[in-house]
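Structure below; questions to follow.
Chains: A, B, C and D, in written order; residue numbering restarts at 1 for each.
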């Protein structure tokens, strides 16, 4: 091997390759996309898979909702249910029987007609415990669905879902559930193409390649044309979808944009139309731009700290209330969070279909110090210490550090921080070995019940040790029987007041959705569920003129 | 020669086996399982999931089953990506990481090598300190700082190079390679400087000068070969370091490499994925160590003749 | 034979001991002195930080938020309004501690492991070095992530984990040094005197193998500091409100456009430490190189 | 007109601790067709003078203070670098001391040989290759066709020096400067190289400057001799003038230092201290490779108080014998009886006690002392280890040793790097004597020293031998030195004893052809009585 190059020869080669490269990276994807009707969408992490009955994350839901469609669909502007595969539905007098009338035009992407039997078979697959569907509880309002899903019931025939004929599906509910139609938009209730699945193995098999590009059969507005791992997923307009005339996009490309700073940079150089989120410290920069692409809107979710009320010193309600009153939520939001969110004083986000939660307290340091003194820790003496557990993330750290100092200044108490890696944090919360832990809950459907049922004694996601029979009774028995929405909300209001008096958790803020959306993207409204309906979205080529 | 390679490869098998065993049990000790998620999972569903992936069997049987599959080259299904096998994910990720590692090594050798050689010509003068300090920047600027900085300057302000991606837009491999390679440029600069200084004091350099050759020919024709052997011997460990550090660069530049899969797998307790990536990364490291040892030996004629004799 | 008394020895012309001789040579190397000066300055500041820090390290001023260098805050403040100079001083305590202690751990294990493997040779050497190969083959970053995840996070584990990974190259360098020294005649002379192998290693081999080790150590310290930063970047390093230069740099990197000083000053501290370590290391290596002295 | 005329040349080195004048006002001339020898000990400036003419002294520390160097009508000292390089490559060529390191190990011999030709005269490759083959033939390399493409490590020391000479002559230079070309070679090979240089000089009628520290080496071939001491020329003249009637005391001292006589026979007790029976030490018993039989079935006795000399060339196994006796090297088979106990079977404590009674002195004074231990520590260590002195008395013991070996007491706290080669060897001897051994192996103790220092060390060893009643095994490749110090001599060739006898017998009537060849190769044969 002869190393005979000399420094003189090497220099020209080096300069050559520098000039070759410095010719810019050509036309940006956004400009191309606007011309070809292709939306470039920053989708967060790499999707796990596309089987509606297996996936759990948000990134997966965006793609599954493009490839499949439920019986009903959320209108992106009003969030009210719209006809999907079911062109209409009627609810019985006592609200316990729902009959869906399927749209005869509804087709699978391989041309097969959609039938009611598809739904019976699909719901059986979704509820089958062997499937391991973590969102099976979406169908629990259906009679005996929970029994079947927990293995107590073998025969699926007893579950309240029947195909009266090819195009009529009748569902028998356990009790009147006003939000049941909304659940039909959740992908774990979607129908899946039986022949395709059975071609590759048993119904409940998780390893089958039926969701591969060459095999997948869906019934949504788009079909899957390319999936390059950790690179991009491309879907194109389906020509079998019943409402295809309304669809104005020719295709969508989803990018796994895990690193939020890189995602923002891709947006800035025109590689993305839409970003999943935005780095906290970039918010003031974008907000200052005129006709900025920064979009901020309320989002159906609450950020709060779980309090383990079985562990000292949190078993004393006065301590819990003191901790909550000592926090200046407005100041936290305006400084560290750059006014991106809304301070919260309860669990239910304000304006959830018109429901306004009670506000029992505000930022009151004097009252907080008094409460703490009553509880036996005057000016922080004898304070045993308190540990706040949170999972590793930029914003969680910033909030925790700010609050740690607020408690120190206001109550002169020591709060130590324990930053844990994702799975370790989940394990700590699950095993209740924490004193105070960060928690965020995003609504599955737009109804106060989805937030208030968190703190039921048997609530799977309670994790506070709080259990009040009177509260349970109001939520599980009284509310469903309310004859009108006002009466139901009054019961919810009373229940939430009782809850906040006990303060098993410290609400911090109500989520907001934060995205960078290119001005050329039209009819992609922000809504409380931040839900994406690609059927309505279109790209306006001469967006600059409009500005 | 081939006996030597066969011998080293044979030695690699216990090394990789040890790596698998250590990782297999270490991962299971970590708190949190593959199926925990923020929304509490119904116990029955969790049990069903664990049964599907044979996690409910005793640890030793799982270990034996895993080795059995591994023998046939089957790395098992991924927990996090149902429907995809670890083989498939690695097949997608490995070539990218290896390619990124090679380009980074190239960058490190060019920057480090040039800096080291130039510095060694006039030790302890400005011509020594300037290139060495420039190469030193690589060490004190971590990739999670250098990457974004390069992207800002070349990607956004100058708009010369793409901001992210791998292989889609021409030129998108340059910034990641520089970011990853710069750390090792410093090591290589120091090694090549020391190597060259050592060689320049050798007698055969004086002979070359006595022949009346100009200084730059003395350096390139005579000094370079001997001076750069320590650098070549260092390529093996450097590549190992690059592979380990690659996933930061992969996250910053959205590169579909194995490193990124690995971190996701570690954080999601995707046991089969962790094992699969560890096995492949270790094999890549062992192979590359072997390659750099052979290359270093090949450059030295004395060892080369010994090789070809037996 | 005149009875020589101890005093006779004392008056003996005080030979310049090697370390003393090395110090004389080092003193003439301006750059190495500059490096030594900076290091001593940083270490003293780190030691007396609690008494001289202008502000409490956790003292926040949320309304102020991130502000540039000003009269009140010489190096500006971070997003919580905390004084950056104080953060850098406290960060220095952790970074320098991690840097020096983890490297010391690596030095201790690496030197002894390499010396024994190099001196023993044969089968012992083969086994010991195979173990080093195994650890080399293990992608060490992943090994640390798993270690930190499994055993949770505390500073001691951080030192041990980093030290346990950095000693591999140290062991290899030491082994090759010892193998060359082993053939030196003064080692054979020591054997012929009847000294035990451990004494020979301790008194004759290790002191003569320190040159390259010192140079490598000056490279290890900064890379260990960066490794700590990397672990903290992943959220596995130290816990807030503790901080380190690495953490400050990783936070600064995220907001380098909006608040550049948050990145500039911690970066400067680390770079300065790195350069002074390297100048000192080179100076030390040249000073200790006996060959370069008289003949 | 002289080929090279050097007038009042001055060269000094600017170092941190002051400037020292290496060459002080030196003038000499070199005639073409003659061999001019420059003789001087290390540090006398003989090499610096020649190197500075060709600009081979690195300028920052080195500095030419003045003088002229007329060659072919031009003053070399004033020539610009580019011009000087042309002269250096084409008209004046050099051959250096150590052939093992002077050839580029990473380049084939052929390519290095052709390089000066290709660079200076741009001759095409094929023609240059033919020229190279001719030269290799001329310098005596058999069958150059098959070896020209080999690498340097595939040649022996002597062969490599021949290649160096061929490389120097390829451009038909007018002047050849040879800097101690044979010092690193075995005596038989040294003789051949000396003949080669003399023969080539006559055939090509070129000027040769032969630099050496040993007058004996140039005794046969030098026409003119220049003697230098501490940067100055103390005497110069033709060969006969210098050897027969040297005027300057330093020259006389150099002449006297050449060991010329053989040791008077002393009466010794017949009773053997060491008995070696069928000793064999093989290396590299790999599975398949053929083991190297360094020492193969050797038997001999050493009587108490006797100095047994072992003579042989490199690779003859003489050092291995010494190390085998002291168990520094694993013995393959055979017995070594020391005072009737078999050393080869000893273990642990017994081996350690035995080690006290046997010691070794090495060749290279720079490598045999731990650079990081003061003289005091080096001497105190054996005294304390074997309990010869205790904590309080060790200081006295160290000083006594220093007196015995002739080292000034106030050097006791100094480090090895602060001593000259000769002083270091004295320290090594002191260390060996510390344990009051009965038997000492001296492995080429003086080969690396200048001639005058060599003489002093030999006398010291003889004196200490008598005073301590030592039995000694003296190993060397220099027959003249061994004859001077040894009572009896073993001649070793490829691991086997070829002949043995007293110094006198061996010199008068050598039996074996190899011994005769050895005797013939002693440089300055004519000087010996």
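We take it that a residue touches a chain if its C-beta (ideal position, glycine included) is under 8 Å from a C-beta of that chain, and two chains touch if they have at least 3 such contacts.
A quick note: this is a predicted structure, and the numbers were derived from the prediction, not measured.
Q: For which chain is the distance between its Cα centroid and the global protein Cα centroid smallest?
A: It is chain B that sits nearest the middle.
Q: What chain pair shows the greatest number of contacts?
A: Of all chain pairs, the one joined by the most C-beta contacts is A-B.
Q: Just give me the whole-number Å value for how far the CA centre of chain B lies from that of chain C.
A: A distance of 24 Å separates the two centres.
Q: In angstrom, rounded to a whole number, how far apart do the mean CA points of chain B and chain D lie?
A: From the centre of chain B to the centre of chain D is 49 Å.
Q: With chain centres defined as C-alpha means, what is the inter-centre distance between chain C and chain D in Å?
A: Roughly 44 Å separates the two chain centres.
Q: Could you state the distance in Å from the CA-based centre of chain A to that of chain D?
A: That pair's centroid distance is 85 Å.
Q: Any chance you could list the residues of chain A touching two or more other chains?
A: 261, 421, 423-424
Q: Can you pull out the residues of chain B that are in contact with at least two other chains?
A: Where chain B meets two or more other chains at a single residue, that happens at 30-31, 148, 152, 217, 221, 225, 299.
Q: For chain D, what residues touch not just one other chain but two or more?
A: Where chain D is concerned, no single residue meets two or more other chains.
Q: Once bound in the complex, which stretches of chain B touch chain C?
A: That would be residues 11-12, 14-16, 18-19, 22-23, 26-27, 29-31, 129, 132-133, 136-137, 139-142, 144-145, 148-149, 152, 183, 186-187, 190, 194, 237, 240-241, 243-245, 247-248, 262-263, 266, 274, 277-278, 281-282, 285-286, 289 of chain B.
Q: Spell out the part of chain C that touches chain A in their complex, as residue ranges.
A: Within the complex, chain C contacts chain A at residues 58-60, 62-63, 65, 79-80, 148-149, 152-153, 234-236, 239-241, 254-255, 257-259.
Q: Please name which positions on chain D make contact with chain B in the complex.
A: Its residues touching chain B are 54, 56, 85-90, 93-94, 96, 98, 101-107, 115-116, 119-120, 151, 153-154, 164, 167, 288-289.
Q: What does chain B use to touch chain D in their complex?
A: Residues 202-204, 206-214, 217, 221-222, 225-226, 299-302, 305, 310.
Q: Mind pulling up the chain D residues that touch chain C in the complex?
A: 16, 323, 326, 328, 351-353, 355-356, 358-360, 362-364, 366-376, 381-382, 385-386, 395-396, 399-400, 403, 409-415, 417-418, 428, 431, 435
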